[in-house]
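Both of the next two complexes hold chain A, though its partner changes from chain B to chain C.
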Partner chain A sequence: MFFKKKLLSPIKDSQPKNQDPIPETREKMSSEFKARLQNSADILENEIGSSGITIFSIGTLIDKTMFHQDIIDPIKDLSFNSIQTVMEHLSVGEIEKSNQMEMVVKSALDGNVIIYLEGETSVLLAKIPSRVGRSLTFAENESHVIGPQIAFNESLMTNISLIRNYIKDSDLCVEDFVIGSRTNKSGAILYMSGIASEQMVNTLRQRIDEIKIDGILDSSVLMQLIEDKSLSIFPLMSLTERPDKVCDLLLKGKLAVLFDGSSLAIICPHTFMEFFYAMEDSNVNWQIGTFYRLLRLIALFFSVFLTATYVACITFHYEVIPQTLLLTLSESRARVPFPPIIEALLLEFFLELLREAGARLPTKVGQTMGIVGGIVIGTAAVDAGFTSNILIIIIALAALGSFVTPSYSMGNVIRVLRFPLIILAGFWGLYGIMYGFCFLLLHLLRQSSLGSPYLSPFYPPRFADWKDSIIRLPLSFTYKRPDLTRTGNENKYDPKKAKEKNDLK
Partner chain B sequence: MKVQYQPKSPFLLSTFLIIFIIHANQVGIGIHGFQRVIFLEAKQDAWISVLIAGFATHIVVFVMIKTLQLYGSTDIYGIQHEVYGKWLGKVFSSLYILYCLWVFLIILKNYIEVLQTWVFPTVPVWLFSFSILLLVIYGVTGGIRMIVGVGFFSIILSLWMFGFIGYPLRFADYDHLLPVMESNFVSILKGAHKMSLTTVGFEILYVIYPYMEKKDKVQKYAQIGIAATTMLYLILMLVALIYFSPGQLESTIWPTLSLFKIVRLPFIERTEYVAVTFWLLIILPNLMLYMWAAVRGIRRTFGLKTIRVLLVFTTCIFVMSLFINTRLKINRFNDIFASVAFYFIFCYPFVLYAFALLKQKIKAYKEKKK
Partner chain C sequence: MKKEGWFCISLSILLLCGCAEPKILDKLGLNTTVGYDLGKNGYILGTAVELKIDPNTSKDVVIVESQSLTIRGILTNANKTTSRRLTSGQLRVIIYGEDLLTQGKTKIAQTLTSDPIISDLTYLAMTDGKARDLLNLQVEHIPDIGLHIFRFMEQNTKAKTMPSSTMQEVLHAHFTVGREPVMPIISKNGRKGVLFSGVAIFKGAKLVGKINTEQSFYLGLINDKYKSGSKDILIKSDSPKLKEGNERSHKTVAALDSIQSRKNIKLINKDKPEFNMDIKLSARLLEITSPIDIGNPQNMKLIETEIEKSMKKNIEKLIAYCQSKNSDVFGLGETYRSSVRHSNLTDEKWYKMYKNAKVNVKVDFSVIRTGLNE
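For the complex of A and B:
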């Protein structure tokens, strides 16, 4: 926390509240309004015929159709003597009254039009923001075969309504907040009251309140600011674009943070194991779900340790390799001029280059990358005596293993972890790998997510939660909410009734 | 210094974890080679020595917990302060701290010796001890909950090793066990006495006791932990006895590691390489628990800052690990330790219990008088 506070010392000191009143004449109001917005070119000033009303707004932020239909049309042929009567004629839902210039400017930046009547001390603020954004699309980054296909988009309102559509319950709390002294973006904390722990909600709220920063543009940045320790390589909270996943976790007692302008929701508290779950695990049969999870866990170990083990065994412990295998290995390595550690680092580096290039290039060119990589890695490198066949198989396996992780941010971590482990293995053999493993274990044990242990349910051991961890037992067994969330309401449903089948006889 | 010590609730540990703490702290470096040492004394009846040592451990643990229960929530530093008074208490607590550091050094040295003998003959000692001490510092600064977590995982993650016990059993010769009770009772007892280096570890109870959530359940779970360790030692002893011939066993320094030699899997041979390096995870909780106990003792008795003490201790250990560098020195070091540990761990708890009882009786008598 010390580190965080130092980093985020307030950049723009909060100014004393400006109590400037609304100017009395139209000319003064106009020049004041423009001056405060730095005479921007998109300021609109509409004088409405004989009514004596002038409407100020920022043209790029308001909905033009609504502006004409609901604001200008009803009042253009009338004349008014007080601002109150104007209000009665407007057919806009959100109208406020204000008598402070500061507030007026702020709301203009939020998509309001300012309705000004000469001689009055207050103005009307009518909210008609233009909706700029895209429509809802498929979940492309976390795609599932079975399950809803929809993903969040960048609008906070749309995202909240998506969640409200899944959970039609009066207990769903939506708390809003505004962040960034310059961007002034709004966001929302979502949780199920009565299920989520009060203490966690308070902690999260406090962490968000404490952030003093000029601007945050995406929830991924917000997540880095509210994580428990900012120095760890592991993601301590999760990002997802799937509303169904958010709802599932909300029902388990977790908290979600949505942020305007970001299509990713933050979920916390999150455990290490949960990064290896996909929503699809619960959408398929429990046997298949368990199989997927075991597969991913084995892939995790392969991905992190396999290349390092190869390097360790070839460099120091060839006694460990059975004779028949050793023969093949030495045959394929006979022409390779480098020591194993260089060979492995080179290939891993090459593969990372390919991956990064594929991710940054436009899709059409990206396909060529695959072909180039395939040819170069697959045949040319071996033919040239650059690497051994077996290492290519191992590296490919490790790369595949890192891609099966459902969470992209965890996949990144796994890919990066390989490098220090390969280096350790190159220096100290199996002892180096074990050393790295012990360090990782210690490191993971030290982490916490919103104050709850990161390695739960394994440590501290919560045996009841093991039913839905590496394995996934049928739904009738997993009737409890996870202990991690310290929920006030433990059972999802009555375990006794869950096993009954009341079919017609 | 307060006698009572009640940690805040987020630092408390579930009581059943004491099984893992005791088991993880007992099983460490001694398990590599205890079979030979005991066999030299008790011959084929060595397994009886293991049983006797296990039984004695149960009693000692029982007394230890009885002593702790006299004072509610406290550790050995608090009790010694209360029983012996301010100054003598400090002396005894310092002795206990020294003992913890000594065990630490023994474990570290023996493990490095095994590593050098089996896997890396040319890598210098300082590199190993430096790297391991770094891990220990990182771990101990994480706090007791984390240290216990390492112990928990070290047991869970090393269960696979137990599966390999089937390999030596294929070459078992059960006649090696016969005749039973051939050695006289004295040599069996001598064998049990030699077990002390292997069974130590349960004395961590003295320090960790206040961190347990339900104090009345500690007795039950601690005994389960001890029983688990005794079972493990008994099985390993029996396997070594029936697999090795008597002559072989006498000349095998690390029978447990040698048992790994014959394990042969389709993708891996010479599993002892994997086992020896994997042992890092098994000794890590031992090292961290002892270091934590020592640092904790300094904090309790002298009220010094934890992190500085930790750095001073690790530096001392590092320097000392450089000087004990030959097999003979290590052996001598182990022997001295074994005899001291026997009195300190197996006899001292009874003395402390007697003193504590006496002290309480006197106190109660005085209050009555008033």
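For the complex of A and C:
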């Protein structure tokens, strides 16, 4: 919490408010403009023939083709006596007029060209930003087999248009904001007016407005700043690269934040359970969807507790080991020189190393990591009596369990949580695991996401929402929007009509 | 608030420190089966099958022996001879030598239950002779005698050949007024292995009688509920149809399978204890060593009544035997206590009545089918 306070404390505005008007002569304008942009090398200054017009811009920020076709070409052979007439000749969509130098500099940084006519007190600002960025690609981080394959990219405009394409409704609100005293990046809060709770929108808007920071480069950083408690290890809001997921959640009454330069949308409020849902659950049959969700939940428990339970059982509670397993377990343990806690920590550490190396290395080298890991861990370590092969199975299972979590950020948390639990198990056995479990549960109970309870719908119990929680009932049952979002419009559709079947006879 | 939180966390961690003492699996010698015999001068002779897994040796099982005056002392003494600390957490079977149980008042099982590490589901058994001899049995096909006895008892208990005698059940019967425990008798089958040779009947902790395995089936009928199981029933009938066996043997034996039974014991006279014992059972008739036509419904009826008669006789014999030994293994006293209000029954009171209690046995047997491809 105190980190956030520090970040949120108002930063002294270094630049005093400048009420300077536009200089009257071309030379003055030129030097003023360059001075304000620290004489950067990429400042362009084009004098257009005999028209008396000078165009200032930052060359790296504007679209050169548009600059020539839409701005220079129409005016190069003409002469003007007022700025208003220039405006009539330009075929650029976004043109503004300004008489403030401050504003002129800012808009130059936004990809505007400044059209200056000597003797005039105002200038024209025509927006022709260059489109630097990549095209839309497959959703690779959250890939689905069934469902749309597209993912957001780094352009805010593209991302908003993706969502607009999914939800063609006049109620879709896009509120923009600018953040960062240095980066001046824009972002947008999206919500469905009438469905999303007014109070939540206000809270979110206020949280974003209160951020005073020099720069934010990605929405993941923004998320950390607007989360309810920045000290929790759990992500309290969700990040996704899938526009269809954002739309689905918008329709349920949630809020989304898109940020220019980031391919991830922030979704809030988000519950703990929802990190284990994938869009694919609703794209497949409800039975299959339920199966997937149960699978992921079991995987979660396996992933967090399995290694710890192994350590606890081997170290303290040998009496709970079934007789049939006793021989194999102790045989594989017999050659290991370390106590179980060290053995488990070592192997977990090894696996984390492999994972991290695989993630950081270039793809081509990354593939060999798997082979190295497989051979080193799988065969050599056991042969050398370094670890027991039962533990390898358990660790592999736990690792797999953490990878099935659809949310990457939640998967990270699950992997990290294992370590303290293994240590607790190694020192205090099952009591330690229980202690850790209770601690985690209490911690989760205390969390909130945009003021909504994090463990909803289980605590506080919202029985109606259980229909779409660890199980997913057919669509005709899940007609209600979740209580979590405190939506003003509860039903997605009329539940009575959903049960009718009006087939043509 | 914050300070209190930290205080609570550190306090609970501190408190947890005392909780557990590490017992790392590969540093332990696991006792899987323990045998207790009467030693010299009031000592108890303990024999333990220690599971000691070492990949460098081919044999995983070591027999450890020690003597002590207390049960706990046996383990402590045995530790003096082993390289790994002996523990009882994986104890599956406890075998008592006959001499120890004839003495009674040993309280061995009670001592063991007070140790939380020993499971209540540990099987208890008696051996005629010395437990030590049984556990020292060296047979080629039994590499681990402890595991072998456990599997053997588990299999037979599940199939209801053997009365179930987990520590919990035995102690429950022991402490219940109007019920006495039983334990299976496991003996050496020559040099070939182990054998279920009968059931030991107790009064309190004292061994008072034994019944054979044949009788043990009927004990099961009274005490338990059969859901499956098989049994050969000897029929002694005067009917000419069933009189002769076949050429091989002159006895008529019916082989029953998929036995399902239900019993109902009711007190009908509380002044002079008299019980109605209804036993309903059904089974598949698989084989009968008599050239009788089992396709004929009338013959079927005959077989059913003959089997009923044979069973009834056996049950009555069993009850009479137990009454003669003054041991109520059927829990008739418990039925009495639960049927009579304010009876304040004590063991003493009950055993005055038990000797003369009358039990009217009624067996209702029906054949559900006679095999599948006939």
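Keep this in mind: the second predicted complex is superposed on the first by the 494 of 505 C-alpha atoms of A that agree within 3 Å, B and C clash if a C-alpha of one lies under 4 Å from a C-alpha of the other, contacts with A are read in each partner's own complex, and residues count from 1 in each chain.
Throughout what follows, a residue touches a chain if its C-beta (ideal position, glycine included) is under 8 Å from a C-beta of that chain, and two chains touch if they have at least 3 such contacts.
None of these values were measured; they are calculated from a predicted model.
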Combined model on chain A: chain C and chain B, fit or clash: clash
Partner chain in contact with A:Tyr435 - chain B first, chain C second, else both or neither: both
Which superposed partner A:Arg446 touches (first chain B, second chain C, both, neither): first
First (chain B), second (chain C), both or neither touched by A:Phe349: neither
Touching A:Trp466, do we find chain B (first), chain C (second), both, or neither? neither
For A:Pro340 in the superposed arrangement: first (chain B), second (chain C), both or neither? second
When the two structures are overlaid on chain A, which partner does A:Leu455 contact: first (chain B), second (chain C), both, or neither? first
By the touch definition at the top of the document, which applies to A:Phe138: first (chain B), second (chain C), both, or neither? neither
With both complexes overlaid on chain A, does A:Ile321 touch chain B (first), chain C (second), both or neither? both
First, second, both or neither for A:Tyr493, with chain B first and chain C second: neither
Clashing segment of chain B (vs chain C; choices 22-30, 76-84, 130-138 or 220-228) is 130-138
Touching both chain B and chain C, residues of chain A: 316-317, 319, 321, 323, 428-429, 431, 435
Could you please specify the touching residues of chain C with respect to chain A in the complex? 12, 16-17, 19-26, 28, 30, 32, 51, 53-55, 60, 87, 89-90, 92, 117, 119, 147, 150
Chain B residues touching chain A - in the complex, by the definition given at the top: 13-14, 17, 115, 119-120, 123, 131, 135, 138-139, 142, 145-146, 149-150, 152-153, 156, 264, 266-271, 273-274, 277-278, 280-281, 284
Please output the residues of chain A touching chain C within their complex, sorted ascending. 313-319, 321, 323, 326-327, 329-331, 333-336, 339-340, 427-429, 431-432, 435
Taking the touch rule as given, give the residues of chain A at its contact with chain B in the complex, in rising order. 316-317, 319-323, 325, 428-431, 433-435, 437-439, 441-443, 445-446, 455, 458-461
